[in-house]
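I'd like to ask some things about the structure below.
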């Protein structure tokens, strides 16, 4: 484009260029039915949203790379995550547009798509990489040795999808890594130090044991049979054992001492922030945690809704790219968990009255009015 | 692009081209903040949806141009309208993405947009034209003598927005016109004929009068004061007078006899379809009416929600294109009514037990099982 | 209430009685925090929606019990299903209200709920029963020998939940049964007769085989390696074999001849309606199928969203009623499939150009205009 | 209820009592059609949500009554407002359930409702009162001298709706009043003092004037015609004059000096918080403002959507309670603005680079990490 763009809507939004991209393989949309143009557009809308998500996640990741993270910028990170949530909430509804197409009408143009596949959306892979999805969590997809293999499929050379993914992999640490590092620096009722962390976790686990004893008493009061009480007691005790093992990072015997200490610090930070939510100084960390959970949940909901759309429109056929279709999508939804520790902490929290009192509450205040 | 596209996702969806269109006036997105890229993307998403809406409306309009409309295709028209509704329902929520931007952050790049304006979205104008918005309903926009004037604004030559609108204006009758023509051919308990229409309307109006009498009786029973009863009676009678005037098309004294007959036929068709909804032969006409109402309502809701977003993010400033901003948007929402007769009919319907019985019910059946 | 209700909003909506029901176990809402009142209200809202769903499903079930089903009423059944869909769409969002409560705040009152559980919602069980969930699909829940056992839990005598469920079980056949019976009577290009059904299915399966041959050719053209082509051919052939086995009802070797014929008739009816969607006489049957799929999908989405809310607010604890919590909910979402045949048919459909032509198209028309 | 409730779902949620409240005037739901039960249930769901809203607003109002407002509790107020938003977002969608009823079917039972009306929902009036709707903003409703009159309508004595409203009116100041008082105490770059406020406002208005000059220059550069430039300059100058008049509280000449100072302090607080959003100490005040705007917007959207549903299902008839129906609802949506100053401030904000620098930034920090 040699002439400078005019100050008008169509040059700013690039309307004409944008509306010329719905021609499918033949580059001629007059040959396409409404259903196929709709199919293309919905995918384009997804790519546009993914682009925004990638920008926000990059901004947030860059922020958490700083040590210390400037407090004044935590609110910006929370806003980035909230925008991602809002976008996934849009995205989840777009499947309703897809579902205005019947199975039979989709079959009309489906075969010609083979072996292309939505799995070749580089940006979705980039989002996973940038968030920090572990490669060994990935569900294998048909014959490909790896997900990267699929990004080369098709006759085309070069493969821009693969280029994007490689660039992302080379583009710095994932959000999960830097966020966890920040969490591990949370001062848990004392300076950031392994002994302080350990002491905090032990007090917390002790409170948990008291809580189980109390619950068993309630069960007795409620006149459950002795067998029922015993069964309950066993289940609660298993819960505490699991919780303690998680908090003390003894759930992975292969980890060395340093790794274990790091994990203890992360988990202690998480428990601390969630348990003393009302402390002003924890206000933004807490917002961050809520927003991250919200973000991962919204992505998970999007994945499950994706599976539902595919099952409805396509049925349980093999995917055009060779995947197991619906089952593959349903599996990824539940397996592709990234912030597992933040989720896991929800299972070990205690109600407020039995949370151990903290010693240095005054360190966690701030003020608005004079 | 000289090499043929490969059979892969990125060539089919045009991912790389698509993701190169968010550079703003400078054609360089690295210079733009996340907010501005989001602002551009949301508008692009709207343009993509509008494209789908235009395709569906064109398909439906073309169908209703046929005389008679092939019954087997009515279901397809209903599906087109339903898809438009689903799309507007998506669109209404996108304002939430926009609202993740604060007023102050929007101001950061707003001035440079002047005099561009969302008002220059040709496709939205095309949708209005294709639906059948009367030009004299349009709310004047700042200094422009007409909405077409605005589509030339900006230094740019040529003005693709204006070209699109002119092409649409030259592209055949609007949906409203052909849909109303089809409605006017509805057999209202007899062959499609002005006398049959007139007789049907008169019977219907008579039932209306009985209904008012009954309602006044109820008011008396409920021990309202005589003054209250009188006030109610007057209001009901005004309602009937207005209804009769509407049904007999006496609400526009300037109309000639032929126009009046045509309008009577349309309104009789509407009342007939709505009043005898359970007749199988009316099943698809009824679906069409429901879908058209749903479609116009969804567009109206989108307009009102648009006004709310603008008020929230921008406040009550003059629009970048010189419009009155929020007030302009709120006005268009309520004024830009296209299928006014279909809406108006809702005010004159009667409950089922007092609808006049029809004489030729057997003409309106069909069967599924043998 | 001895005095007759007045003609006013509060007596009609029962506002005062309604607003007196949020006192929890202590029957005193002043003792409850906002979170607990919210928790109670959300459950009450669910129960109110479930009530509406049960009414609509009963209406639809009663309709399909008639033989033949009066054509004029099919539209009413479609509307009932659509209302159920709209309600589930509301319900899915209510989890967002629940999620405004943090884990820690929920723990504040959670223990006192034990052993009560949302699993004791009789109406949800009734919906499952009325739809036709097979008992052997149910996921076992903790110690209870059956789901009915759970409805007795708590000290309380009597157990209105159990009474409701027993009444529902005794209240006539489920929707699935009568809907399938109606489907099996679909005239599939000829009179409703096992031989006609069989012939139709065989022609359809033959088209399927042609389609596979064609697809393998395409794969060869697209220059896949011979090994890849072979792998594809095998997968397609497995698909056809599975499809044929399903259509001919050979997927359950234990079924006797009569059962097999009945199933063939159901599946042929489904394939027929989906494959010749544009035939006017199939318009309402097709709407029914779409609505039933939509309804089951919306319930499934609700269940998966339920699991997400529980995981977020509660974590992966044992449920208050003793269930496995999140895992239990995730399992029920995918296992509690009721209209399996309608779903399965989506996997065997063919694109329109290769669907075998039908012989008696004129039997499937109807007309709107004269 | 003499026996203590059992620890089970139905006694906690009051399921049986709840499900007995849908009998309409005759107290017998077997006489009611599905549409009428749906109509009753949707209203009941609204009343339940309103109850939650009232609790959250009361909690927040009580908090802002404290002087100073404890900083640690601001987050709780934000959460209350967010819950209200989430609830209104649910509520807006419920109109879709109502719209599954056709006009004709609604007419079936509509007459018997007269003169009851949704206008008699006491809780909606209470929400308005608690928020702080000025009485002189209320749109008159038919013959009633005041909205309280309507709450007596119907034969019934006593009128619990009126009692609720009277109790609310007597129950303390509205949220608006106490929130504005808190805002007026915002330290705007110095101690909370009228002179400091005045100085801040004057600096801000000066920046505004510079901004206008700059914009006019841009217009000249963009080669607008001199007439266009002049027209723009005039409009901008009017904008500044209006903004200055608002900020200095000169928009109400009848106000005395003290009132004017109070208003200046409120508006200065608003501008300050919005303009220096990134200052940590302003983080929660900013969240509060965002949440209040979000809350009022969500209520407004609910009102407009209400008008759309009524127009669709009922048409433009007189309301059962005698109101002007749709027009009344559309008017209240735009007129019943409560937090007008918070909205108005959006129109006067400046982009960040031209906001006057503040002198005491160090007073507005806080820290998370050590």
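Note that the chains are named A, B, C and D in the order they appear, and that numbering of residues resets to 1 at the start of each chain.
Please note the rule applied: contacts are C-beta pairs under 8 Å (C-beta built on N, C-alpha and C of every residue); 3 or more make two chains touch, one makes a residue touch a chain.
Just so it is clear, the model here is predicted, and its values are computed rather than measured.
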Legend entry - Maximum centroid distance from chain C, chain identifier (CA atoms): D
Inset, instruction - By the contact definition above, name the pair with the higher C-beta contact count: B-D or A-B. - result: A-B
Inset, instruction - With chain centres taken as the means of their Cα atoms, state the distance from chain A to chain D in Å. - result: 33
Legend entry - Gap in Å, rounded to a whole number, between the CA centres of chain D and chain B: 29
Legend entry - Centre distance in Å when chain A and chain B are each reduced to the mean of their C-alpha atoms: 39
Legend entry - Residue numbers of chain D (touch at least two other chains): 7, 112, 114-115, 155, 222, 277
Inset, instruction - Could you pull out which chain B residues touch chain C in their complex? - result: 7, 68-69, 71-76, 182, 185-187, 191-192, 222, 277-285, 365-370
Inset, instruction - State the interface residues of chain A toward chain B in the complex, per the touch definition above. - result: 1, 5-19, 21-22, 24-25, 27, 34, 37-38, 40-41, 43-45, 47-49, 51-52, 55-56, 59, 79-80, 82-83, 86-87, 89-90, 93-94, 96-97, 100, 112-123, 153-157, 159-161
Legend entry - For the chain C and chain A complex, residues of the former touching the latter: 102-105, 107-108, 110-111, 114-115, 143, 155, 215, 218-219, 222-223, 228, 231, 235, 239, 274-275, 277, 290, 293, 297, 300-301, 304-305, 308, 311-318, 330, 334, 343-353, 355
